[in-house]
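What follows are several structures.
First subunit A sits with subunit B, and in the next complex the same chain sits with subunit C.
On to the complex of A and B.
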């Protein structure tokens, strides 16, 4: 039996480290199972879209076909957009936890539709999901502390340190071997279940290796901290207390303070304010001359200016025009909001360089495509789709073309990849 | 190659950084196949002497060698030639006596078959029924027997003992002394730090009294009586009183 096997047997006989390793593995498996279940639920919801959409269109098609009114078609029909989870999303749910991943849009004003859903679901935001990223970033350091706080001090307190250090393979080599074994087992407790889950989810080898390396690097940081604390030759209890305080500081307090500082430095209005401003602008259109609305619309969209003048009756082209005017009136706020969010994310990335907990979390959500950037890219895809949708309906409205049942087949469809 | 003593300390001075010398011109030689008992009051430098031999403390001046190896310059090599038994032999309670022995031997770089370990445990007079028991319920004497069995198996030329008989009952002390006699018979140099004058007089070939970091008095066993225990006791008491003053 070699020294590693002896160390392994010694560890296997110790209740606390083995219980800690078992608990970490159980938490990892549970988090992965919950992540897979959540992503599976989201995939199911997305895969149910075509059938639901067919039902929705069928429900309005008769009425539209009877009126041949493209405006009614634009008003009454919703068109689904969705953000399919990446293969790695199960590991870090990130923004998918609280932000919409399905948005049904109409050809009306878009910004209110996007930002109506911007307010996070407070119940979800409060509790969050137990995902792999949470286990790695928040819980794994506690297990490092449990396994590493007394590697040397425990032997000193048991009266074995000097005897062990007096042996040829004792001393530093022994502490390193013990530390390495515990690190490997902690890594295995996190990484092996992840590899199995990633295999089930069809994740390619590159991201699996990258996350394996990320787990190792994050654990190494905490092991290094534990080794540094053990150099002060304090008691095991003192070591544990110092490391627990460091965990509190590095994982909870400093990231929270950094978040507060970033929010104070980069003030960003809430998306709901944009939705409200858009709604007010749209409502104001009912109180101003319709010609003013159309003049403003044609100034920005001369391609439709050849359309027949408005008659005395209600016409959807006026209605959709003031919705688009509403979108354009809040465009500077939308731009500022997005720029603010991007600035905050850039600042958070800088914090991530200094705080490993923040850095690991950001890397995971970035690789899983569940970070803020992914959410903004989804909004870009919605905007591009909405533009196609508007153009499609405007073609009927501004040219006074009839819209029948068959025309629903020509409605643009959302492509989640573009 | 000259026949040098396995333990050789010459004019050694050592402090722990505070400026006060813990060892102040200590000289001591322990020949092969002999037992030297190092006595002295608290703070006389006994444990520091062992620490210096083990390479845990760096001397300020003087020379110290274990089988010709400087433990400060090459502690790993020196430790291959030494076995050390602390005052309280604390082994792993969740391992059996056999497993503890296997583990300590592995840390010593030794590969010994199970039969060899069993022979050593038997030689150390550990009851057979205890070999495969976890150490949770072992007495100090039983733990020492496991540790001494490991030392026997390592066949090291130097054995360092720190208060080996403190807390042992007379029977266990006698058993332990018998083991030391066997170790000596194998040619090992044994340095035993102790407060137990009677036990030292029973077994040691030489007794050295340490005072203020140097050997104040040294006497070798001679004749049938070996040592004048009464005289040594008086001297030891005097040393302790002087230290206390």
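On to the complex of A and C.
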């Protein structure tokens, strides 16, 4: 214990390691503050939905109440859905900047609505976030390099190595003690602010422990690399150069190369093709006999087939039926598109096994529910909600029931958890 | 042989002897070539794909049968943003913005299917492009090659000997700078060859290419000066390396994100839900076309009747429903423009804040210069969105006019079995509607947009040179 306290005192006197530790802690705190601010902005935006929405729906209800037309109600009503940030989202903001976390849908064709985005500044998105994941994945290794590149070589250059190795508890035990102390301090600089932030955000103990372990594992990888490099007994400056070059490769260059490789080997049919096909299918309905549309619709949805036949006038049940036919006609493409996206993510996971930088980033976004899978799960919730909306409006349309002001209160509401 | 060349030759010989450094340089050149090729192929592939999609969308539009014009308003038009030739050098925000847009009446849709939501999540680590290599990777390689240029000589005492022998300090520093500058030139060469290959294409404007080349040359020169400066300033080569890596990490990796994060936190953007609800509210405040007693539309109806000197809409020589559609679209579009301008103004303020951080980091200034000259910055996307909206408005109003002129009011209101047929206008009309053509900005516009950032990079270079001159005068004086 005495020796550890001694090492700590020695470390405290060195300018470079102490400055590095202080800087890392400041950056960690700043990234956590920015992450929490962003997440709380997202929560505010979500909690502002009901006020805006009730104003909007009230105006629709005023208009519909005079005609009692359920079809117009379905056509003119937009229904909000949202994807609340998870408690851990502040640590890894992931794709929440480029994918919408609020999306309004109508009971019309969903495939023309579900890929819509929200407003964001693409230049800021291109730069990327300054979140905790960034500090850990990109910056922390540089601090490991600053603190570890000269543990042994620095003593050698100062002419103390032989003496230190000859001391009792010297040599390997000494290097290990020094290394462990620096590792613990680096870990504390990252993990302690994180634990405080996670506590404030109400993250449960399990994920906090898991991320504490992830931080330790990621730091250990870089410490191991530094130890490996120092075995070649090069000078401190050569060690630092080699480690910085390794950082450049592992964190900047190889992930971009892997991205090119994945996009080349896992082709994804462009989503735009779904949109084009969907539009053709939906608009074609105006040029074919309306009975064909209804027959096809009833074949898939016999529960509504008891509805009265179409009269000469426009009827919204026909309009909504061809929208649903349109959705169903592109279902195979939608499925393939999604499978393509998932296999690209799976390929990136494989890369993550080989590249710790990618692995750590993907684990963090996965735990924070901010990765592509989380976006796809949100889309699943939107689809389930949209199905409930359709069923709700069809109940009025196919039974020719009037849709009054009170019926607006019966419209299904999005449940962000299901 | 002059002293300067001697020093430079000696320094270059030192570098060549450093095997690790040479492997690094070779790897960088290989990587740049890969980036040049992959960005080139990406640009080609994406351009062809979008052109093919655009062509398919245009031919299906032209092939629509006889229709009521309002059906075509909802059939709408699908357009694709073309990718300029310089995107093969710096694709900028292209992957982060939607590239296709559905244009229809009464609605302003978002640009969808951006690559960032379609490619692997690794895209957030950066994209392998010549611009990325020159901005981020090349400076670090120069650091590895040059950190010891003067610090090494100071450390070993050889610098003192040189000075005692009467070699001018300025000549030593110039020689070292010359050597590192030469390496920078070699490191930047593959990317510049890639740029030249883009420049010879017919559709590439010349001025932005020159701007980009000048900007990156100044940037790499700045790093060479900075490296020699720190190497002269700091006594030990290890400290020089750590300081330089720290400067690099802060300026290229940390500050851009910090600036973006602050801009995002400082200047909020209205989201789509709030904007749509606000547009709906404003529209209701102007007038409600559904309400027969609405004052705005009652006055509008009176003015139309007065213009034609009739008292009933049935007596109008034109279809009143089409006239109302024209008026309704005019109102909604003016609101779309108003809110889009507001959002773009906020985004421009965000970017101005980031640009200001270019005073702290030359990498930020260079990136802004590069994207602006390549036409792949936010302004480039805005140009597309604004032209798309102008096209949408013209298309919808043309179809609304068709409804007003070519479909009679009585037919439009009729519901008898033959009415549907009488409401339709000839399919030949669709082919006459011009297709969307993105008007690419000319070279002068792009260059003008890139100029402020280019000046900032040059100012960085000037300041670094001035500091180097100062440090040179005191070279070797400290213990």
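Throughout what follows, the second predicted complex is superposed on the first by the 402 of 418 C-alpha atoms of A that agree within 3 Å, B and C clash if a C-alpha of one lies under 4 Å from a C-alpha of the other, contacts with A are read in each partner's own complex, and residues count from 1 in each chain.
One rule holds for everything that comes next: contacts are C-beta pairs under 8 Å (C-beta built on N, C-alpha and C of every residue); 3 or more make two chains touch, one makes a residue touch a chain.
It should be emphasised that the depicted structure is a prediction, and the values quoted were computed from it without experimental measurement.
A.B. asks: Could you look at A:65 and tell me whether it touches subunit B, subunit C, both or neither (first, second, both, neither)?
C.D. replies: In the superposition, A:65 touches no partner, neither subunit B nor subunit C.
A.B. asks: Which partner does A:37 reach: the first (subunit B), the second (subunit C), both, or neither?
C.D. replies: Only subunit C; A:37 stays clear of subunit B.
A.B. asks: In the overlaid three-chain picture, which partner chain does A:27 touch, first (subunit B) or second (subunit C), both, or neither?
C.D. replies: Once the two structures are laid over each other on A, A:27 reaches subunit C alone.
A.B. asks: After lining up the shared chain so the two structures overlap, which partner does A:342 touch, if you call subunit B first and subunit C second: first, second, both or neither?
C.D. replies: Neither partner.
A.B. asks: Of the two partners subunit B and subunit C, which one touches more residues belonging to subunit A?
C.D. replies: With both complexes superposed on chain A, more residues of subunit A are touched by C.
A.B. asks: Tell me the contact category for A:48 with respect to subunit B and subunit C: first, second, both or neither.
C.D. replies: The second partner, subunit C, only.
A.B. asks: State whether A:9 touches subunit B only (first), subunit C only (second), both chains, or neither.
C.D. replies: first
A.B. asks: Across the two complexes, what residues of subunit A are contacted by subunit B and by subunit C?
C.D. replies: none
A.B. asks: Once bound in the complex, which stretches of subunit A touch subunit B?
C.D. replies: Residues 1-3, 6, 9-10, 13-14, 158-160, 162-170, 174.
A.B. asks: Give every residue of subunit B touching subunit A within the complex, in rising order.
C.D. replies: Touch residues, subunit B against subunit A: 54, 56, 76, 79-80, 82, 84-86, 88-92, 94-95, 99, 102-104, 106-109, 147, 160.
A.B. asks: Mind listing the subunit C positions that touch subunit A in their complex?
C.D. replies: 20, 24, 31, 34, 38, 49, 53, 56-57, 60, 64-65, 67, 71, 74-76, 78, 80, 92-93, 95-100, 102, 109-114, 116-128, 132, 136-137, 140, 144, 147-148, 237-238, 241-242, 245-246, 249, 253-254, 256-265, 268-277, 280-281, 284, 288, 290-291, 343, 347, 350-351, 354, 371, 377-378, 381, 415-417
A.B. asks: Applying the document's contact rule, which stretches of subunit A touch subunit C when the two form their complex?
C.D. replies: Residues in contact with subunit C: 16, 27, 30, 34, 37-38, 41, 45, 48-49, 52-53, 55-56, 59, 63, 78, 80, 94-95, 98-100, 102, 104, 112, 115-130, 134, 138-139, 142, 145-146, 150, 235-238, 240-242, 244-245, 248, 251-253, 255-260, 262-263, 266, 268, 270-273, 275-276, 279-280, 283, 286-287, 312-313, 341, 344-345, 347-348, 351, 357-358, 361-362, 365, 371-372, 375.
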